[in-house]
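Input: structures, listed below.
Note that chain A is present in both complexes that follow, paired respectively with chain B and with chain C.
Up next, the complex of A and B:
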């Protein structure tokens, strides 16, 4: 493709950052299950999935760093908490297992739809990376769909906890598709082949029937998210930011 | 008659074939299929640069940096170019289909079931319907998946109902 103009490049940087931050922050939250998941297999699985997500974030931060002449480690660890652009879904602290499963189910499906579309991106380095990411994400999708079913069919307690978590996370899950400032440019350049609102509609079409099939209540309201969905943060995220930047802050001049 | 000296390319492939995967040392980087290729080109100062394209197996795999370093060091020792650069590439995605037949056999004899063949187009549904693993110890297909996630990103955990051994399979991806 031809050289990107400054504004399109800025919009692309915003898209890459939003995707990378989603994967990075969720990877850190779920890595907290290592050692304390309900069963040993899930210690291993959640650790592995989190490692995948942080690997995806790393590759996206490197793509972004190459585009803007920045440094991937600086982008990952060198920003203040309010500089992160993850969706509001990733603002919630880890609580119970049902809540983590609900978040993973909502996010994995959203991410799958985003990646399916970006596989046709006119920005070839991103389209190439997406091919690689999708193969790994397939395992996540299958795994968390299985857990969704297990909890839905497991018994009264697991089912009610799961339903409550889906209800609590539903509005913030929409924010994975929160509009980006430069979105119109990205769509015009086919870097983002479809609008985020189109992708959100597709996500709803996929997620709702799955919840219905399991007899889980589908939250009614699904108001389109606004740009704030990737800007507002919580105290919980500020805490996590303090955790994952702790080592870097201990010696900012160190070479890794 | 004197045997012809190996070409420079053959020397590089041979050196790469001697480097082991840091996490599964039974298999070489060449048999693992992570070397996409390499090329020599001239540098502005009149020297020559050897650039190797390395394909990550999994994006979060911590062994990538170790492989990169090993390749750089080994090829620098060969003194076939003034400079050696190892670049990660995503221009083509590494898939488990790239593991060579020799590599699959090396995995099996060291106790890892080779990945199931998935074809060039990855279809997640296949993961749920194919007979997934043959026990590397007794050859039985009477096996069950215990966990699709294992001790490293590229390994799943199975159990063989016949010889009652747990074993690992290299993930199809």
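Up next, the complex of A and C:
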């Protein structure tokens, strides 16, 4: 494709940052299960999936760094907490297993739809990366759908915990598709082949029937995400930010 | 599976193939309540670092075990049943000479 003008490049940087931060923050939250997941095998699986997400974030940060002349590690670890652009869905602290599974189910489906669309991006470096990411995300989607089904069918307690978690996370899950400031430019350039609102409608078409099929209550409200769905953060995220920047902050000039 | 085994304690034996054409080799085992989760866990334990071409995931109860010493370790001398009991090195050399072929590298073994 032709050289990007400054405003389109800025919009692309915003898109890459939003995707990278989703993967990065979720990867860190779920890595908190390491050592305490329900069974040993799942402990390894959840830790491995979390590492996959950090790996995807790294690749996206590197793409972004190449675009803006920045440094991937600086972007990942060198920002204040309010500089992150993950969706509000990733603002929630880890609580019980049902809540982590509910978030994963909502997010993996949203991510799958986002990546399906971006596989056709006119920005070839992103389209190429997305092809690789999707190969790993296929397994994530299977794994968390499997857990969703087990919790839904596992008995009264797991089912009610799962239903409560989906209800609590539903509004913030919409924020994965919160509009980006430069979105219109990205769509015009076909860097983002479809609007985020189109993708959100597709996500609802996929997620709702799945919940219905499992006999889970489908939250009624599907109000569009507010514009600050990737800007507002919580105390819980501030705590996580303190955790994942701890090593960097201990000696900012250190090199590997 | 014996009916007494709770689903959560089911064990699956995992065999892996390192490269296409290699034999399947026992890698280890995973615990999982059903085949679907066993498959995911086998993938995590024996394939997530791209170290396997293929996995076989077998419920432990499907395996027929033979460990009877009367059948496997009979008490009499059985050394005559080993192929090492038959020395063919010199016969082989003589045969090669007759055939007029130079001894192959492995002839000295």
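Keep in mind that, in the parts below, the second predicted complex is superposed on the first by the 256 of 256 C-alpha atoms of A that agree within 3 Å, B and C clash if a C-alpha of one lies under 4 Å from a C-alpha of the other, contacts with A are read in each partner's own complex, and residues count from 1 in each chain.
Criterion: contacts are C-beta pairs under 8 Å (C-beta built on N, C-alpha and C of every residue); 3 or more make two chains touch, one makes a residue touch a chain.
Because the structure is a prediction, the values reported are computed rather than measured.
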Check: Overlaying on chain A: chain B and chain C, fit or clash?
Finding: clash
Check: In the superposed arrangement, does chain B or chain C reach more residues of chain A?
Finding: B
Next item on the list: In the overlay, answer first, second, both or neither for which of chain B and chain C A:44 touches.
Entry: both
Margin query: By the touch definition at the top of the document, which applies to A:59: first (chain B), second (chain C), both, or neither?
Written below: first
Notebook entry, point to check: Between chain B (first) and chain C (second), which, if any, makes contact with A:128: first, second, both or neither?
Noted result: first
Next item on the list: In the overlay, answer first, second, both or neither for which of chain B and chain C A:142 touches.
Entry: both
Margin query: Quick one: is A:185 in contact with chain B, with chain C, with both, or with neither? Answer first, second, both or neither.
Written below: neither
Note to self: With the touch criterion stated at the top, can you tell me which chain A residues are shared between the chain B interface and the chain C interface?
What the structure shows: 41, 44-45, 48, 139, 142-143
Notebook entry, point to check: Inside the complex, what are the residues of chain C that reach chain A?
Noted result: 8, 30-32, 36-37, 40-41, 43-45, 48
Checklist line | Sites on chain B touched by chain A in the complex | finding: 56, 58-61, 90-95, 122, 124, 127-128, 146-151, 153, 157, 171, 173
Check: Okay, in this complex, where on chain A does chain C touch?
Finding: 39-42, 44-45, 48, 139, 142-143, 146
Note to self: Could you list, by residue number, the parts of chain A that touch chain B in their complex?
What the structure shows: 41, 44-45, 47-49, 51-56, 58-59, 125, 128-129, 131-136, 138-139, 141-143
